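Each of the next two complexes has chain A plus one other chain: chain B in the first, chain C in the second.
Up next is the complex of A and B:
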């Protein structure tokens, strides 16, 4: 890939170069397909099938109430994905707004933004998550808000630095002398440069959001115990580990780690697409 | 009669008692400097490298605030908001255009330039669909000049604007600027090209280097 704007290469997309990205996308699509096509009847209790080890009929085994663990894990991951997507998007939008505002509205705004970032980064993540989730009453909304309100500082720092650099670019200085407003400069000059950083930041926030959602639910501050969320599955599995039911924790945990890793791979792939020259 | 003369002296861009240095530890670039450019006049700013020619031009453009002194335009303080009647053109056009905008967006940022102006600068229509890295320095500089020559532009600060360009493009740009100058545009020309300066400028303003802090 020499360039992504001129002639042939503008439309060219090398499958080999982006093979990791494509594999990761296929993995996630497969997960969504599983969610859509798996029979949800396995979610009900079936006391004749208690604590069965993994088999062809139940690849992830069954839990102490005879529920199919594969179905529960896939359903749980979808809840995690939904919460993670919402939370990461809100977080990234907060970061974009603060980052641009810091650069556009002058010294005091910038000081305020850097102060907020410092405060946000110096608070322990998990404590902040638990506090916010608890304060808004837990549940899906609580988790979403907690993750959204605690993940913006690092991306804000990146976007602010980019915006500050743009602020002193000659074409921005000229634009001001053309009488262009701050809003015009923010949306027309800054945004096109910040969108790649924003998208990459958003994708890389995603795994954090999912993991923290799982962590919150695991600790009992997140989703309701009867919703099949990954964090809840993992918390439940703890009680059965000593009886030898290793599949209750290991297999959902493995799938969670793989899903998170896939988002990381997608983030890296998108980064490669937007900035092919770096690293 | 005398009123008419004093009125004509006041119109155009004027810097009064300008002083500037980049740091307290550094020598003054200029102190108490007076400069004025009348409508239709071209002033050449000469001096060795580091004398503060670009700094003075950027102060006149309003990019940098002088440490003391004031900027007047037609006997009123130079407006800080809205389209500035004083426009500045950089030496490197590649830095002066947004790399993610097309030529058409760049040229029309402040106003839609007339066909006549585009023809005069020989800017061809298909450049307007290209991005800056698909255009040469000369092509970009012509666009940078076109976008600055708005109907409200009364004074143009040309900071080495043709130093990087081939002779043909230089001639093209200067022909256009002289054309506008004859219609009343003020020019401040910074260049190391003495022949160009004598050709374009009505008078010279030498900037000396202050070496004592």
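Up next is the complex of A and C:
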């Protein structure tokens, strides 16, 4: 791939990506700041402020109980982010363990890992999420576990391929001939090499995990009326569709999309930094 | 060829057993008590009767026995009775299969054709305003949840403009058989658009990249050096190279398609398999959830197999015989 975007250097990573990274980080920091400094009193019902259109006082309008939608959206997004980030991390760690184990413990382990990946990928992701959420009895815990336990297959595939390549690298073969244990090889030779791929994979899992958390809570799994995730806000907006309150659905969704996009930008930027020549 | 088919069938059977075992295990982990779920709120049923029901369900046997028993039933076409609809799971799925198929098939077709065409244009005119617009759209859509697109379309076309119905697969108050084809299509339009709008982005980006690579390839440079105009080169020679991987990629996206249809069906209260899966998951209808899970696994497997075969059949450079399957 030859470059052509403005400001892109021959190495592929440049000010262009750096600027995007900074902007994305600033956006996310701003979101967290909003969560910390916004007055949570707007979360209470206020029947004198029902269904108000967006204004300076209430940038996202108010809902049918007079609650401020900006505050609800920011709080909801934080729930989604928290679940998404934790779940993606757990998934990435599972992927790392499986990927390395497949390469270290020989042919049968490798077959087992590829088989697990195949099985994990042979159901639609959303169906798997519903099944896991059902298995642990629903609730917020169900959503969290479902997202955490279902995102590892694709990253496992990447890490396994990488680890297999390392396995036949001369220094690993020599290390083995010198009698180093599998554990030593895994932790001292494989892990340091897999760190970039692992980090990239982890960062690129974030947007997926957040979107899946939103989808599951939208479908009604993990209903928690006290701290509604952003998916629940969007599901609520469907019930008020015919009242003409467009802001209930449009604005929270827009903020969700932008947040996911920012994680995507960060992931893509870091990927470009570590592997400038890969697509 | 026979060895290829044999390998494929063994792989298929093993995968199906593994997937059903996974689904069965997960469902059995659930804290929902199947007997209570079956009885519902009926308080007249005593402890002895509960035990009798548990015995009839085979709940007093070991999980492995139960799985074998259940799988045997599934193979013989006895998929159990849905607790929500109080009718056999096979008939619930049978009724809901066609609306879902129409939705997914239509969306798959349109997103494929339109996405491919747009991808060709974007790749051919790389870095033009058109390319920037289309790539931007595709990247943006990649981080957009399907259900939000559905909500936006519903707001715009159904509430604001009043062009399309607000829910369901046929007019409210009619039975499925009474609605005309036109009415059904009218109700299908918006969910299908939702799925297509989201599904289009992957195929645009894929085709675009393939076209860019193609136009830089040696044989493209050669053809153009001999005086073939770029556009004619793309149409007469390039299309072959670009379309086969596009078809394969699009076929392999059946999983996303099914997931998207669950969300779209939920937004539009469209009575398909996806909506039933959500109901079954929330209300603890184990037989129905398992039934739909099996269907979705078959659906994905079908897509992947056709993708694999299409690659081998359409691409003259790959021969079917003697190719190891991964």
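Annotations for the structure displayed:
Convention: the second predicted complex is superposed on the first by the 255 of 279 C-alpha atoms of A that agree within 3 Å, B and C clash if a C-alpha of one lies under 4 Å from a C-alpha of the other, contacts with A are read in each partner's own complex, and residues count from 1 in each chain.
The rule we apply is simple: contacts are C-beta pairs under 8 Å (C-beta built on N, C-alpha and C of every residue); 3 or more make two chains touch, one makes a residue touch a chain.
Predicted, not measured: the structure shown is a model, and the values here were computed from it.
Superposition of the two structures on chain A leaves chain B and chain C fitting side by side, clash-free. Legend: residue contacts after superposition of the two complexes on their common chain; A:193 is shown touching chain B, with no touch to chain C.
With both structures placed on the common chain, the touch criterion links A:174 to chain B but leaves chain C unconnected. A simple residue count on chain A separates chain B from chain C, and the partner touching more is C.
In the superposed model, A:119 lies in contact with chain C only, and not with chain B. Taking Cα centres throughout, chain A sits at the apex of an angle toward chain B and chain C that amounts to 100 degrees, reported as a multiple of 10.
Here the smallest spacing between CA atoms of chain B and those of chain C, following superposition, is 17 Å. Those residues of chain A that touch chain B in the shared complex are 5-6, 169-171, 173-175, 177-180, 189, 192-193.
Those residues of chain A that touch chain C in the complex are listed here as 1, 4, 115, 118-119, 121-127, 130-138, 207, 211, 214-215, 218-221, 234, 237-238, 241-242, 244, 246, 249-250, 253, 256-257, 260-261, 264, 279. Those residues of chain C that touch chain A in the shared complex are 15, 18-19, 22-23, 26-27, 29-32, 126-127, 139-140, 142-148, 151-152, 154-155, 158-159, 166, 209, 212, 254-256, 258-259, 262-263, 266-267, 277-278, 281-282, 284, 289, 292-293, 296-297, 299-301. Those residues of chain B that touch chain A in the shared complex are 61-63, 81-84, 86-88, 90, 95-98, 100-101, 109-110, 131, 133-134, 148.
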